[in-house]
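Read through the structures below before going on.
Next come two complexes built around chain A: one with chain B, the other with chain C.
Up next, the complex of A and B:
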């Protein structure tokens, strides 16, 4: 059986380094399989998050050879195995240990956002009527598995650390899924402009590129939201209309 | 003295999948303080993996559907071993539970007139599964999560409970540790709801993740609750078989619901060869009729690929054993063939089954719109579990409730696809409601310090064991191998007796497992602690399987190929911890069905 070397980030926030592990690899293996094999055979205490192992839960986010990836969906035959495969934690979040980062900030961001608020039901049985065509586009946003790879790659968070001023692509997608929900009645544009910091996004589309669910984050979610914000706050005609309508 | 932090709640929920979240939401509707503990991050529990849909007799697609048909389908699917009252509540309440998800932001696929769309699934007479493509579970857990975080529930993510605490007869809380630093947390609670999911990690080939080590079953058992019908483990017929690293990952039944067919290496649709008497009247007798059924023809009967999961899994095993399997030891599941029937088939498949398309493309280099998949059985679900009262979901331990996969009663000897997501919602809601009621009606119970000290000592033991002790992963792998081999789809007295011996040996080894490193996010230590639960549920499954000397539903005995033993389908197996700490098993006759229930079943044919 062939062997490959994995250069894994080991340690905590204060003290960490890359450690090389050589392990056997076989057909069809993904990086998570290799990490598990190393964990079971050579490094029992190695910390890594994972759950479904099928790209559906978004737990095993990390960086493979410098690219934000789900470990369970990164196949070894797509990587050059003649050199060590580097596996390290997401860099936009504080490190807990080894490949595990503290992603709690994401959960706090979501809690602060205005929740879904439906209009009164359309039918007497308490249900709503919606056309499939009207929900297709937001179903794209709802494919999000909350792996936070888009947050990891976003330079506003990763390099500029503006976690207090910008909610990141994940939550702009979330905002889009609420704002464009056919029966939601809430208005989130003021928050998007203000504390959510949508203006920080300068549409470099890095988030779209890394999304394992292939959500077109920038084009379908962020840009339409930016347009709504512009229409709401910067449209001179609308401003005038507001003045007169009180 | 052990150091720990204490959290005090009215209701403590253990597990944050569909059932746990739904219970937490319900319990927090009043003024009660609710705590929710989960092993992973919020929103990652196995509910997220559910693909096909949630079963509810909304009758949006076929107005002939009703709770009565759903009830009869569930009872038949479970080989009449289900708790009829639970089957009734489930069938009656699941439509409301599904509708309320849309009030919380979920968005199901739509019918032409804008209502919730429903699809066909195995064992359901009419199109009954509300769905979102093939990612229904994600939509459900996200709706519950996003609604739940605004209800004042305190969530403890990445915390594991290792023992329940009791004061006298009553449950009084739980002992856990948090992963990050490995610190202990004591939860004091007036009522506790177990919603920990399944036991799949007891097997080598499984669709379940690392979390599913039977925690709830084991916690309840050690606290004095009863486990029921543990022999009924569902081997889902279609898991991936190739490449080896993805073996066991689920391939949704939705593929067959959309017209996918099963073929052996000779290209034969072998499911037509073996249709049981219970279903012969409801099943198509030719491929054309089966196809028409999947396309919504109301006069057609379902294709045999949509028979119950237990039966299909056995047929696949038979094909493989008799040399008609696929190259990697499965059979072929073909959805690409529908291009003979409809235009733009490839696009249709990608739209209806997006995550299956994605999964095969990325993990197996297979384009399911062009070529068949290779599939074989995978450990998926356990019908058996903690015995609960049908209405309140309370166990025989006062204050201890259970819901979802870890509880039992609804599914009998075999669960129908789609009935799990509805089970989570219906009984999660009920568990939350009655746990809250219990907390309101009963005061605080003081915790017993001595018990806490004892548990802490046990939990830290893997660090103290000598280096000669085994590696926890090694023990886990050995257990999985043995369960797969000896307590899998085909069982016998010999295999089960041997399994019980092996489990006993592994238990002794597990006592001495050695953990390296420190308490901070130490996967080896966590694996060592999970072994306790895995061994308990493994023993329970093997012991119950040995006791039921017959083949019925998901439980197949090679030495009793038919329901040989008189009355095999007329009792439940009940397990409890005896005074001498051994596992005790007994049979309990199932009471004769109430006349009203029997009448519905007779009416529905």
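Up next, the complex of A and C:
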């Protein structure tokens, strides 16, 4: 059986280092399998968060060879195994231990956002009627598994740590799914421009590239929201048009 | 074996654990845009060789031709000769090229590309940056990028004018003071230029928003829905349209300039 070396980031926020582990690998293995083998055979105290092993729970987010990835969906045969495979925790969030980070900031961001506010029900039984075409352009946003890889790769959070001023791509997608919803009545543009900091996004499309659900985050969520903010705050002609058209 | 080499919080410029050739794409963008900027600057201030005397080809860099700079080009300009009071640095291209360049400069695709290639902001995904501060497009000066839709309006008009230039490029001097129909290689080059510029302009993110993205209930607006679908279709390949149209517009100008300088007669099917 072939062997490969995994260079795993071990430690906490104060004291950490990369440690090399050599382990056997076989066809069909993913990085999480290798990490589990190392955990079982060489490093029983290695901390790694995981759950479904099917790319749907978003728990095993980490960085493999510098790229934000789900450990359970990163196949070893897609990696160059002639050199050590680097496995690190996400850099945008505080480290708890080894590969496990504290992602609770994300949930706090979500709590602060204006919730879904539907119009009064269309039918007496309390239900609404919607056309599929009106749902189509927000449908993909519902695929998000909240793995936070998009937050991790976003340089505004990862590099500049502007967590207090920018909600990140995950929550811009969430805002888009609400703002563009055919029966939602809330207006979130003031918050998007202000405390949500949509202007910090400089459209690198890194979030789109790392999304394991292939959500077109930048083109279908962030840019349309930026355009709505332009409508509301930066387009005097449109303002004038709205005044005259009522 | 332990390697006490790097920590997650100490970021050196261009630090990354990526093992792929992440630098290739920003470098290609830097070279591609850099070469175009240098060439376009030279042509804009050259102020000549934009309308050959032996062919009805007007280079897209000088279209619309508001003022001419020679007897020949004066006849084809909108308002005759360039006013004498105009400073010498103002060429016919300077008067109009700000619009398509502004459209590209504020384009959502190009913004992401040149922030990486020219400002290393970031150099590439999950690669550390050379500077600590960051304001993005949240405040001055980059908040001005929100003007993009105004450049779009002008760019749409210019695509229409370039299409008219293709029509003009179908009519050659017959040698007797009249015009005769023909399709030259230059005509085809200018026509392809309009198609590529059209694909880029009509796939613009702002246009996509204005025609349909602005409304949540597209089912109630069938015309908007169809327009939205058309623009979205082009928008999916916006990067490809952006590069193809940029390269072709430069090539079109080079072709027209070559004819203007050398007096070479390109192949014409009469």
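Definition applied: the second predicted complex is superposed on the first by the 236 of 246 C-alpha atoms of A that agree within 3 Å, B and C clash if a C-alpha of one lies under 4 Å from a C-alpha of the other, contacts with A are read in each partner's own complex, and residues count from 1 in each chain.
Note that in this section a contact is a pair of C-beta atoms (placed from the backbone, for glycine too) under 8 Å apart; a residue touches a chain by one contact, two chains touch by 3 or more.
Predicted, not measured: the structure shown is a model, and the values here were computed from it.
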Which superposed partner A:26 touches (first chain B, second chain C, both, neither): first
Which superposed partner A:56 touches (first chain B, second chain C, both, neither): first
Contacts of A:181 with chain B and chain C, given as first, second, both or neither: both
Which of chain B and chain C A:126 touches, first, second, both or neither: first
Touched partner set for A:118, first chain B, second chain C, both or neither: first
Partner chain in contact with A:47 - chain B first, chain C second, else both or neither: first
Overlap of the chain B and chain C footprints on chain A, listed as residue numbers: 131, 181, 184
Chain A to chain B touching residues, read off their complex: 12, 26-30, 33, 39-41, 44-59, 73, 75, 96-98, 100, 102-104, 107, 110-111, 115-116, 118, 121, 125-132, 135, 138-139, 142-143, 145-146, 178, 181, 184
Contacting residues of chain C [partner chain A, same complex]: 1-9, 11, 16-20, 108, 111-112, 115-116, 121-122, 125-129, 132-139, 142-143, 146-150, 205-206, 208-210, 213-214, 216-219, 225, 235-236, 238
Interface residues, chain B side, partner chain A - complex: 40-46, 48-49, 99-100, 102-105, 107, 109-110, 113-116, 132-133, 135, 138-139, 142, 146-147, 149-150, 157, 180, 209-211, 242-246, 249-250, 354-355, 358-359, 362-364, 471-474, 477, 515-518, 520-525, 527
Partner chain C, residues of chain A touching it in the complex: 7, 9, 13, 16-20, 63, 65-68, 80, 83, 86, 88-89, 91, 95, 131, 133-134, 137, 153, 155-156, 158-160, 162, 165, 180-182, 184, 197, 199-206, 209-210, 218-219, 223-224, 226-231, 234-235, 237
